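Every chain is named by a letter (A, B, C and D) in the order it is written, and numbering of its residues begins at 1.
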Amino acid sequence: MDAGLDMRTTGTKSDDSILSILRLIVQGIVSIAKSHWVTLVNFWRPTVCERYPHKDKSLDYKPGPGYKGDFALITDKEKGRLRCIACQSCERACPNHCIRVVPAGKGKDRYPAEFYIDVGLCMNCEICVEVCPVDALTMTPDYECSVHDPRDLIRNIKQLTERGMEFDEVSRVR
Amino acid sequence: METRSDLRTEELLINMGPQHPSTHGVLRLVLTIDGERVVQAVPHIGYLHSSMEKIAEAKTYRQYMPFADRYDYLNAMGNELAYVRAVEKLCGIEVTPRCEYIRVIMAEMNRIASHLVYFGTLGLDTGSWSPFLYCFREREAIIQLFEDTSGQRLLYHYFRIGGLRNDLPSHFCDKLAEFLDYFPARINEYNDLLTNNIIFQRRMQGIGYLSPELCRRYSVTGPNIRGAGIPYDIRRVVGYSVYPELEFDIPTRPEGDAYARHLVRVEEMRQSVRILKQCLEKLPEGEINVKVPRRLKPVVGEVYERVESPRGELACYLISDGSEKPWRLHWRAPSFYNLQVLPELLKGAYVADTVAILGSIDIVLPDVDR
Amino acid sequence: MDSSLIFTIGNALRTWLEGLCRAHGVPTLVVDILAWGTGAVLVVVLGLLVALFVIWLERKVAGYIQTRLGPTRVGPVGIFQTAMDALKILQKEDIIPRGADYWLHLAGPVLYFTALVLGFAVIPWDVKATLAATVDLNVGLIYVIGVTSVGVLGVVMSGWGSNNKWSLLGAMRAAAQIISYDVPLLLALICVVMVAGTLSLTRIVELQGSAGILGWYVFKPYLWLPFIIFVICGTAEVNRTPFDIPEAESELVAGFHTEYSGMKFALFFLTEFDHMWFVGLLGATLFLGGWYSPLGAADPIPGFVWLMIKSFIFVLVLQWFRWTLPRLRVDQLMGLAWKFLIPAGFVALAIVCVAVLFI
Amino acid sequence: MQDQHTSDEESKQGGSGGEPLPAAIAAALGSRITEGAVVDGVVHITVPATEVIEALRILAFEMDEPYSHLSDLCGVDRPDCIEVVYHLFRPLSNDACVVRVKLPRTNPHVPTATVLWETANWAEREAAEMYGITFEGHPDPRRLLLPDDISGYPLRKDWEYPQDHPYLRREPLHEEFPEIVGRVRAEAAPAEDERDGNSK
């Protein structure tokens, strides 16, 4: 092991000879001086903190693609409608039962009349995104989703569609 | 002399926790103290009981995956590893070599992150504030890599049965290599700050003595047993995943006191760096996922899969009845068993040592209560 | 000799008032009382303001040592943060735990604060500090030690009166600690007294400063050991890391002030930081030449400024200690005092004896 | 892999699940073993409740290569019985021995293993409150994790979730959520039928 680990000369048993006491004092002073050197060095190192809502250090931090942030429903721009076919796979797959889909229409025209996600209950596991057969649901790098009333954490189809307008495909790690 | 024995001073019964700054969560210790000495310590747990084992009975094997992260939040990747290995063993799934390597990379990174938290909080327990912030600064680099990879900072849900959520992001290897380059120097720095500091040494040496016999009686595992001189490490003993292909030492210390456990953990961080460097070198190309049926129905049977978590022997005991949901899932949580030995370690210690000893056995309360 | 403007004005004011009294046949005692009163209020206000500044400084220093930012929001670089905190804390509800001894609980912080403020009375702020804030006591040093040691009674009272076991433990620790560390501190101070040959703080400063920087006691090799002992014991007297075992937040939650809130807590808090500054002032007075500039007498900067600079060097060093070192354990703390510092104090005393005799 | 269901047991015992027991264990425990097999290199044995401490003692201390590391102790609710499972390992090796005790569902009793390992203390307390197993001679038979006023044994399959327990009540918001959804769903009733048809 390294030298640092072997610096165990100051045993727990008390050794009362003058020499050992002097050695202990010297060792103590050296080790304490070293500690102070470390804090002094770090005093001059750049700070890691950011004044978060003030974006003065890193402007508009966005997590990388594939971040499990707030949800969005992707709109198929060619057809001009949501990709979601209201098959309710996500509802069944969700471990916390925080998704409720209300389907409407029949056969090929099935679409979600309502799509609720209780983000407060969600644990961001992304299983719903994975089970989606048509890649209609995605998690976005949106992380600033705090609200004042916990009821507002229940996302409805309007919010989800709106956020999904920025996305053409499911957000994945690159 | 007789009068001395007639003099009876009263012992003080004192409640440490569940709201106390340094019980690492919501542990409650009922201490009987005589002056500053602890006569008896009785831990009370259960404040964070989250019925992880009951939840498993109502979820499918895939749905339970994110819960595996959640009880030992400092070692989420390691927990996922234990669970995913148990399920794959039960289903007879072999994963690709690249996947195995990435899993080991994640587990080892998480080990470093966990030990950094340990290092920092032990500093807090002994009254030194700065190491905590420094350790979190270093941990941030790891957490950032996790975030880029799995999309989350603490509870990743990155492993999947039969593979992983996604491949590593393109910048991952470079960033990790960069971190591995500067990190060992930082460990030395923090050793200068805390480990080698004479006040810290004198406080940690000779307290919380854990003998090999005590370890056997209490099934203490992880860095705690290695601090007592026994090279018991599941990575070596079982040799799961790709660990047999990697070179690393099992650091042990013969003293068995709190300081020895501390040194073992510091050295383990270095060994993890070593493992990570080898993994980056050997990381094979290729697929990360194998084909797994959509409806996962393992055969009837049971597995007891052990992995080495930063806190010790973590095991997932999984019994399948052939349906989509586990019949019984039991976590052998290392903190649960490591915490049990605490009353033995506290006998005769000072009140100040209580927090230092508690810090040195490195428990995570959700891991204790599950 | 430079004398700052304030003191000149003060003196002029006083002369004018005395003249006024004589003219109207009022006893000059009224002027004295007025002057003392003004001075006392000034010192307390100054102490509180400096305490707020020291708290801000502490948070800033801690922030930068820990690669954080510290307070940034209120005012430029967060300078008014602690003032706002003080305002906030004054609005807080004053909680007295059930079963607490009301009067002890109340008297604890008051005594703690008063004991410290009394200590400021003898600090020589500047040459000819004839505003009666500074009393040139001929037993100044004894007075300082005697008065500030009473503060521990406040700690014990609040610990006992809180009806909380953690507080009680903290109070017992504080009592043991302060009594132990008073002994080596006294030994270190006796060394200074022997060299100076006087107990008056003003006189001690005058003896040091007249010869410029080299006359300061900290530059006399035979006073190095007492200086080190003074710094260590001073840290212990103000209950700061590594000697903060009476409050030891990771062990005793908050020690003797666990059960305090609102104004009373603010008193504890301010006193603690004021105490730190007080140790700085005492150290500057005894070892760093007090109000004297390093250049000697011929320096236009007021002595008061120099005293502040010197005392804040001490404060910064104490803060550096705090954010670097882990806390000692109770037995180690006692061991350090009785096994190392007191013998070291006697050795220092012997060295100084020899030095005084032969140099 | 044995004793999953009563019906499976006889077929499993015949050896479809694994190889016969190693001679050392068979010799040491003798007639104490009621069932035993080796599956994937793991020794599985079942012993009666009265013999379990003696069997564990022999396994842990009296064999040439003892299984002295009690890795885990937990309860399992089988369809026909309550089981206590002891996971033993040889120190510094991966040789495992799984010891089981089968207990009746009503009033299960088993002697405590704390005489051999203090490890068993908390593990048995947990198993006791989760499965209602009485560990005879346990030094500290209090509840460990659960609140004192909870009824029943939560990890038994027939346990019912106590909706009215103050700790276990669902948060109001989460009660509200299905309500909102239910209202919207009622408005779109035709689609509801459609979905039911699809899922079947």
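Criterion: contacts are C-beta pairs under 8 Å (C-beta built on N, C-alpha and C of every residue); 3 or more make two chains touch, one makes a residue touch a chain.
This is a predicted model, so every value here is computed, not measured.
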Touching both chain B and chain C (chains): A
Comparison of A-C and A-B by number of C-beta pairs in contact, larger one: A-B
Euclidean distance of C-alpha centroids - chain A vs chain C, Å: 47
Whole-Å gap between the CA centroids of chain C and chain D: 64
Whole-Å separation of chain centres (CA-atom averages), chain A against chain B: 21
Chain centre separation in whole Å, for chain D relative to chain B (CA means): 24
Multi-partner residues of chain C (each touching 2 or more other chains): 65-68, 323-325
Sequence positions of chain A contacting 2 or more other chains: 32, 35, 38-39, 42, 48
Where chain B touches two or more other chains at once, by residue number: 130, 134, 137, 193-194, 197, 199, 202
Residue ranges of chain C touching chain A (in the complex, touch as defined): 61, 63-69, 72-73, 320-321, 323-325, 340
Complex contacts: residues of chain B adjacent to chain D: 45-46, 49, 51, 53-54, 57, 216-219, 230-232, 237-239, 300-302, 304, 306, 313, 315, 317, 319, 321, 328, 330, 332, 336-337, 340-341, 369-370
Complex contacts: residues of chain D adjacent to chain B: 1, 4-5, 8, 39, 42, 68-72, 74, 76-77, 85, 87, 91-94, 96, 98, 117-119, 121-123, 130, 143-147, 154-155, 157
Sites on chain C touched by chain B in the complex: 62, 65-68, 165-166, 169, 173, 241-242, 244-245, 248-253, 323-332
Residue ranges of chain B touching chain A (in the complex, touch as defined): 59, 62-67, 70, 130, 134, 137, 140, 147-152, 155, 157, 165-167, 169-170, 188-199, 201-202, 205-206, 251, 255, 257, 259, 263, 266-267, 270
